[in-house]
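Please find one structure pasted underneath; my questions will follow.
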Amino acid sequence: MSESTLPSEKEILELIAASHAAKKMSYSPYSKFRVGAALLTTEGKVFTGCNVENSSYGLCLCAERTAIVKAVSEGVREFRAIAIASDMTDKFCSPCGACRQFIAEFGEDYFIILSKPDFTYVTYTVREILPLAFTPHDLKAERRSSHAV
Amino acid sequence: MSESTLPSEKEILELIAASHAAKKMSYSPYSKFRVGAALLTTEGKVFTGCNVENSSYGLCLCAERTAIVKAVSEGVREFRAIAIASDMTDKFCSPCGACRQFIAEFGEDYFIILSKPDFTYVTYTVREILPLAFTPHDLKAERRSSHAV
Amino acid sequence: MSESTLPSEKEILELIAASHAAKKMSYSPYSKFRVGAALLTTEGKVFTGCNVENSSYGLCLCAERTAIVKAVSEGVREFRAIAIASDMTDKFCSPCGACRQFIAEFGEDYFIILSKPDFTYVTYTVREILPLAFTPHDLKAERRSSHAV
Amino acid sequence: MSESTLPSEKEILELIAASHAAKKMSYSPYSKFRVGAALLTTEGKVFTGCNVENSSYGLCLCAERTAIVKAVSEGVREFRAIAIASDMTDKFCSPCGACRQFIAEFGEDYFIILSKPDFTYVTYTVREILPLAFTPHDLKAERRSSHAV
């Protein structure tokens, strides 16, 4: 996969706005921690997501994964960037490790954009926040050397 | 919540058709087990989902949860029925326990419709397939009697 | 698999005691909802577990699954009963759907014992609380009829 | 939390041996990808784990999390290192993002040891493989700035 190009400042700010708007749909009665995400596809479409919690905490789903499964369920699997928004004003909301893994399934070179409610932001590549990722290629490597039971 | 009414035969067959169409978007390179879901809201809208897998198997997400988070992220949390479709011809594909829990977060009286590729189907209520559910009410009960640390 | 026999009253009460003792190890800073579990193997050994939470709520693990993975990691996969304990005094703590699914992987005929802090209890079989379970057999059925991609 | 000290070569090799032994307990009928883990506590005790899979793939649990919940359920929450073992001979098996998140809940300065079946290995700190982690501190930050619903 070739290196992606960072979206333009205008595209980034629109994506950030979409992620903060998506946050308003958050179903988070347990954590009371609202998160929104907006996923930009390589074809320029945007899919938004929010966190959806469950009384059995282990079934809570994050905003990032919501946005990705929406895209995949509409037939889209190629992404340029994902913006993540929370209500924290004193720091950027970083994706959890589970989401980083889910994001990396679809590429390690696209962009993660973290923003605050005032739209200040920082950007990373997937690879930067999930170095040495366990990826689909590992399962294939295993198939070469396996004696699993 | 009052008892829901089973959708009409026509509505059910349309929902089943939508669940089988959604199945085609399945990203399931690991299990090679395609699943689709179609969720009917109380206002008559349909949200579809498919399973989205991950090289770290524990992060795989089922079609049912994909459909529900899509609805929630669009501001909808009240459902009448969810149809589930797989490629199995000799039996109905039942939702896994995790999905039953996720479904039950939004009500125990709506309908689960299981179908085969030939559109034959069976229906259950959420309550029938997740008896004695652990629900949001349990967390509130706990808050009454808690001495947790 | 043949039908299991319910453990004796004495065995049940010992298992309940073990589940309430295990509850004390609970790491539940987010829900403040402590849960313990005690798993009885067919050879009479007991494995205990507690819930272990995470700041990313979706990674929280329940007590029942903790007990089961402990047993499996010690080479044991055949079970007679699992007792579940919480601090709720006005109702029994039922396993979440995800745990029911995890429990059912290892058999549908063993026993679930739910108790209160006063050691009053009720029992069910796995099959009773997860009717129409999606099981390993379904994946094999799929392999017979599959045209997955 | 102060910086940990890397265990001695002898301790590391013993931990690696324990992780490969634990791998033999793997219940992985779906992926056929066996993983073992061995967790060294600050008091010198070792807890081992293996992956435990489920017919509903999303409920599969990794070896690393198995080892950690075993320790926590025995009252131990302070760790020095975790060794991870697979059957891959041509590369090191890296922990998935979900496990990195689970590991980071208990500290960002302890060590991750990845090894091959020939016991060659590499080491990292938690912080190195999960930079900018979302941690318990983030939930507290949120509580300061929240207007969640």
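Just so it is clear, A, B, C and D label the chains in written order, and each chain counts residues from 1 on its own.
Everything below uses one rule, namely that contacts are C-beta pairs under 8 Å (C-beta built on N, C-alpha and C of every residue); 3 or more make two chains touch, one makes a residue touch a chain.
Model, not experiment: these values are computed from the prediction.
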Those chains which touch chain B and also touch chain A: C, D
Selected interface, C-D versus B-C, where C-beta contact pairs are more numerous: B-C
Whole-Å gap between the CA centroids of chain C and chain D: 23
Whole-Å gap separating chain A and chain C, where each centre is the average of the chain's CA atoms: 32
Where chain A touches two or more other chains, by residue: 30-31, 55-56, 59, 61, 96-99, 101-102, 134, 138-139
Chain contact graph, described as a line, ring, star, complete graph or other shape: complete
Contact set on chain C toward chain B in their complex: 26, 28, 31-34, 86-91, 93-102, 104, 124, 128-134, 138-139, 141-142, 144-149
Chain A-touching residues of chain C, taken from the complex the two chains share: 30-31, 53, 55-62, 96-99
In the complex with chain D, residue positions of chain C that touch it: 22, 25, 27, 29-30, 48-50, 52, 54-56, 59, 61, 65-70, 72-75, 77, 98, 101-102, 105, 134-136, 138-139
